[in-house]
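Shared between the two complexes below is subunit A, which pairs with subunit B and subunit C, respectively.
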Partner chain A sequence: MLDQNTFDLRKYIQGNGQSMGVWIALVVMIVFGALRYDNFAGAYNISSFLNYNSMFIAIALGMCFVIMTGGIDLSVGSVVAFTSVCVAYLSPYGIQVALPGGILAGMAIGALNAFFVIAMRIPPFIATLATMLGAKGGALVISGRQTISVDWTSNFTKFGMNNVGGILPWSIIVVAILAVALWIVLEKTSIGRTVEAIGGGEDATKMMGLPVNRAKAFVYILSGGCAGLAGVILASGFGAGQPLEGVGWELSAIASVVVGGTLLTGGLGSVPATVAGALLLGLVFNILNFENGRGVISFSAYWQMVIRGLFLFVVILLQSRVSRVGAKQGA
Partner chain B sequence: MQPLLRMQGINKSFAGVAALTSAELEIAPGEVHAVIGQNGAGKSTLIKILTGVYRKDSGDITFEDAPWNALSPREAQDNGIATIYQELSLVPLRSVTENVIMGYEPRTKLGLIDWKAAHRRTREILSDFGIDIDVTQPLGSFSTAIQQLTAIARAVSLNSRLVIMDEPTSSLDDREVETLFGVVRGLKAKGVSVIYISHFLDELFHICDRATIMRDGQTVAVREIAESTKLGLIADMLGRDPEEISAAGMTDLGGGTHERGELLLEATNLHTDRNLRDVSVSIHKGEIVGLGGLLGSGRTEAARAIFAMDKLRGGAVATHANPAGFKDPAEAIRSGIGFLTEDRKAEGIVPEMSVRENMTLALMPRLVRNGAIDRAKEEEIVKKFVEALGIKLASIEQPIRELSGGNQQKVLLARWLALEPDLLILDEPTRGVDVGAKFEIQSIIQEYVEKGVGVLLISSEFEELVEGADRIIVLQDGKSVSELHNPGITEESLIGAIAQSHDASPDGTQDGAAA
Partner chain C sequence: MAGFDAKTLTKHGGLIALAVLLLINIAITPNFLQMQTLFVNISQVATIAIVAVGMTLVIATAGIDLSVGAVMAVAGALAPLIFLSDFAQAYPTLGLAASIIVPILVALLCGLFNGVLVAYLGVQPIIATLIFFISGRGIAQVLTNGNLQTFTHPGFSYLGTGKILGLPFQGWLVLLIAIVFWYIVNRTMYGRRILAVGGNENAARLTGTPVRRVKTGVYVISAGLSGIAGLIVVAINSASDAARIGNLMELDAIASAVVGGTLLMGGKAPIFGAVLGAVIIQLVKYTLLANGVADEVALIAKAGIIVLAVYVQQGRKE
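This part shows the complex of A and B:
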């Protein structure tokens, strides 16, 4: 039945069904929010939503690449906290120093992950768990367990607080450029395709003479750099380096990646769908906040987490249904 | 006699495409019945309908004179039809016992699992198969062959009246195949019927009573094996004239007819940590050099060593351009060597990737222009090979996992041919593909050899090796022990050479063969 030489649209949709769910859910949520709440589509909400979630998009993008190789990076939440403290100290020199400095700090931890995973052959879960604890400890040590206030006289806080045209925060512009760049890397370059091939079979990839170690180093350093960028946004947007932030962010990132249809076993992934996944998870919080604001029912922060968990579950369930139907028909 | 199983007028279509059209199958009690046909002929679909994996669209099934309508493989098993799948469906990290009795554990009075009884029962079951192992060890610590026999033991232990074996010998060596045949004969003697699905036609003549031949979703013939010839069965499967096939030969490789050119690669006294002790091979332009030997004799290991996939402990690989050998596979590829690996699933395809991406993975470094992959050139190359090799697919963007085994293999072959190699290492190039695809793959190889490509061929099929190779290097226990030249090689002389070297081996054991 697969021997036909014609293009079957239905089969194509089933094959790409993995990430269909997240786009549909995203559109539904936005329409729902815009119709139900007065200020949902207002400039202030859009701007602050994008600003806050730019951090989650950034770490989800790095995580997506790591997961595509069949690995995982648990250290990203701690790296965000660590770099936010680092850049708080760098803030007097302005964003032009703090931004690259924060990204480099994150990349350094990513390089450490890469060293553990590639040279020492430690499973990614364990290696990044160790750097997660290490980076967390590092953040607490250099900050003395205090939030470190940034220098408000330099241009540092403008990055995390100012908008272009009153609606687009600088942070989301940088993250959007990053996303487009990574999309191109994944779809158009040989390193991107090597990343996907590794997740599909590391031995096979080696046998084809592809640079497996280089690609793996790339994804861990990338993920560290993305977390570093998120750390800069955090410190700049809240005016302080926050050693206690970032707890559980790695799980949000993993959730965004999975909701975006990337296989946890690696080998298949999508940059746009990961961005959509991160936006979707953020939207759930945003909408719950608006619902609370209406004053009819009130969800505490704890209940919000429960609801977000349930929502995640439903989306993933729907997607696995879609892809299972696709797989069965294709078998 | 009343048949044990009768399937009549079975129809099934997937997404509007007919997979089975009024297919039929009849199995007598105590019969070993082969179901054969090319990939895509509908064998698997028919079997999966029987075992409840798929629902039939229409048709009748009766089993032991009662209507049969299994809704799940478990239900099928509970009612007397057990299946051993091509892919091992066992849990390697758990003990042998757990794998054999899973779901049917003996219980103590307290309702806990009675491990003593479980281990005893497992040992009994396995000893029927001539396997004597520590059943408390994890299954994964034993060879694939033992694992396969364990899967069979599990199915047989469930008091089945019909056992379905899907390519049961694909990972077994000759001795283990004999053990399996013994088991099949034992089942037959007990009155249990067996449906036997295999690409190795020779096997059918050893153990099968009848064969149902399928083509394009239909049952085209039912033959008594005793009255059939291999050629006749192939003709039925392909829907071609036996004479026409006979004239073309059983393989499309012409061993002994090639024009041998200059020396391409010389490997001497190779020694690695992977059971390779002393192998020397040389390959010239335009010749096919075969590696003969039993499973575990070091054939794949020798190829891996040449390709720099394994580190050399001793010996040397030299080519004209790289007199000191290669430091990694990437360098071997750059100097014009391709390696079609034996294990298509683990080392060949990247299942989620498209056909296009799979085909160009090794070629990628050459497709990059200004840092990005030249998509237009890539598609041009892929389309060229899809056409030249007759790869059947819906679109080049289709995930490769959806293709049949033969078509996957052609994509992998194209992956290396696209590099315009001087030397191709082919490890079991036609294993697990159907007869039609096999001829096609062989004639593609032949075409490239005629153009001057050198080939190192590893094949467990003696026929392919005997007819295809210009020279055969016989390996045993990780050493090259003799060399045969075509024309003049026969299956007997090859078997003789392998057996002889066995007798002559210093330790005189066959342990190496099963490793």
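This part shows the complex of A and C:
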């Protein structure tokens, strides 16, 4: 059914259309918000927006790599909760201990995922669904089902609460550095190329002699580490380790990655577009909050989950057209 | 029974696990050998078993349905809204019928949504059903405004507390559902088509199987059974909490199906295996709970069981 419509769409994709689309949508929404709401472009909204969404960007970055290998990591939300509790206990030693500690705790769970997926050959969604449960249970066990308050006398909370120049939170600076590093890893290093190759075809990649298992281990540990970083930001930004937070965050991360143009079947992927995807999803909620504030519409917190689902649905609809065109190209 | 080797272990793993669990419980759990224990476990296992039957069909087509728990929440939130409404107060019988039929219809619609995404739009099952996995529970909470709905309604509660021949109503329902779907899988064209799609989708398509319709069908069935399970949970508790109905049910159902011998890559649908799997999962839960193990530790234990069950099964296919 190669009608006029799909033919146009194919050209659109060849011109890197979807990735462009994210950036355009992002700009449109920012302009819309800035014109419609008084405080939208104010320093307070910008810095709190960036601070809050730095967590979602972090987990989306890890998820992007996992999805590129054709896998999935459903455990990220629980890992955020688990590490936020871990670092709450580490907070008296300062951010210089808590930050690496939280990232390492996340990487440890990522390593468990990697072990299940690679050594035990358990399908990624089952393996990470199991660690999702396990990490959630772990968070509840070590916290005794309580929110764990952090130490306010150390420099720990400065990381999640202070800004540079009143507008750039420390958290987003760290996440931005991470994003640039991962961009370089993906585009310029052999492990990055192996990751992309695995998504294109795992068996073929193996036959080419590329280190498939090492690359897969890398992506799961990376995703765990990114979730660990998000856990540090959560605990230091809100002043507490929160064992019940992070529910549904994996969905946000997956949606961000997909809207950034990474195909869910693996292979194609882009770090900057994933960041843009995460920002876009964050902006949707930010603008809805402002609408709430104006009293035009009224959304309870429960709507958040519904909207996340809707957002993913719309993105999937768009992508299912994209990937079908892609498949036809390949055929 | 020549030798008790690895092959025997994987083939009869479910029954062996059940026997071991029963022996452990007889040894350590206080008051295990009592009718009360049997009733509690039957009424609890029913929801897992019902959902697991649907999950087995979905997995048999090489799919997965992560939305089962959320669909349970939607159905479970709707039912009290209906039978507590003014309409149901005025026409009790009609209200009761509507409070059972409408939630199941809505559940079927959720399944249709999943099925169309997977079968007609080519979205991977994990992602397609992930949409309802999160937003379904959100919808249920929006419907009830996040409130706990409590009620006394003997008619509706029969679903969860009624007894036939001295055994819980939902136990009989499980038996009925299992027999019906065993028959469908093993004796009807539709059942054969499900297995064919899971075994080799391309071959099935080439031999004229309506692959898309078959796939859509299993998601609709799975959601419909989840809807029934949601009603039962609400009936057992005489209360409906959208945040908790069917929470983590997808894991129990997947685990039951896998423990029961369903291959994750499709092509097999052991319906009674899934029921056996559900009994094992329930018994593990009961063992931990009855011996004072904390909920969160039980979560970790369940995660371990799932990984182990899938791992053992990987060995079986080779």
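Criterion: the second predicted complex is superposed on the first by the 284 of 331 C-alpha atoms of A that agree within 3 Å, B and C clash if a C-alpha of one lies under 4 Å from a C-alpha of the other, contacts with A are read in each partner's own complex, and residues count from 1 in each chain.
Just so it is clear, a residue touches a chain if its C-beta (ideal position, glycine included) is under 8 Å from a C-beta of that chain, and two chains touch if they have at least 3 such contacts.
Note that the coordinates shown come from a computational prediction; the quantities given were computed from them, not determined experimentally.
Asker: Using the superposition on chain A described above, determine whether A:R121 touches subunit B (first), subunit C (second), both, or neither.
Answerer: second
Asker: Examine A:M208 and indicate which partner it touches, taking first as subunit B and second as subunit C; both and neither are also allowed.
Answerer: first
Asker: In the overlaid three-chain picture, which partner chain does A:A34 touch, first (subunit B) or second (subunit C), both, or neither?
Answerer: A:A34 sits against neither subunit B nor subunit C.
Asker: After the superposition on A, what does A:G248 contact: first (subunit B), second (subunit C), both or neither?
Answerer: In the superposition, A:G248 contacts subunit C only.
Asker: Of the two partner chains, subunit B (first) and subunit C (second), which one does A:Q304 touch, if any: first, second, both, or neither?
Answerer: A:Q304: touches subunit C, not subunit B.
Asker: Using the superposition on chain A as set up above, list the residues of subunit A that contact both subunit B and subunit C.
Answerer: none
Asker: Give every residue of subunit A touching subunit B within the complex, in rising order.
Answerer: For this pair, the touching residues of subunit A are 1-8, 10-12, 15, 184, 188-190, 193-194, 196-197, 199-201, 203-211, 263, 267-268, 329-331.
Asker: Quick one: in the complex, what on subunit B touches subunit A?
Answerer: 13-15, 17-19, 40, 307, 309, 328-334, 339, 341, 346-353, 357, 361-362, 364-365, 367-368, 371-373, 375, 392-395, 397-399, 402-404, 415
Asker: Where on subunit A does subunit C make contact in their complex?
Answerer: By the definition above, subunit A touches subunit C via 72, 116, 120-123, 125-127, 129-134, 136-138, 140-141, 145, 248, 251, 254, 258, 264-265, 300-310, 312-313, 316-317, 320, 323-324.
Asker: Which residues of subunit C touch subunit A in their complex?
Answerer: 64, 117, 121-124, 126-128, 130-139, 141-142, 145-146, 248, 250-251, 254, 264, 294-300, 302-304, 306-307, 310-311, 314
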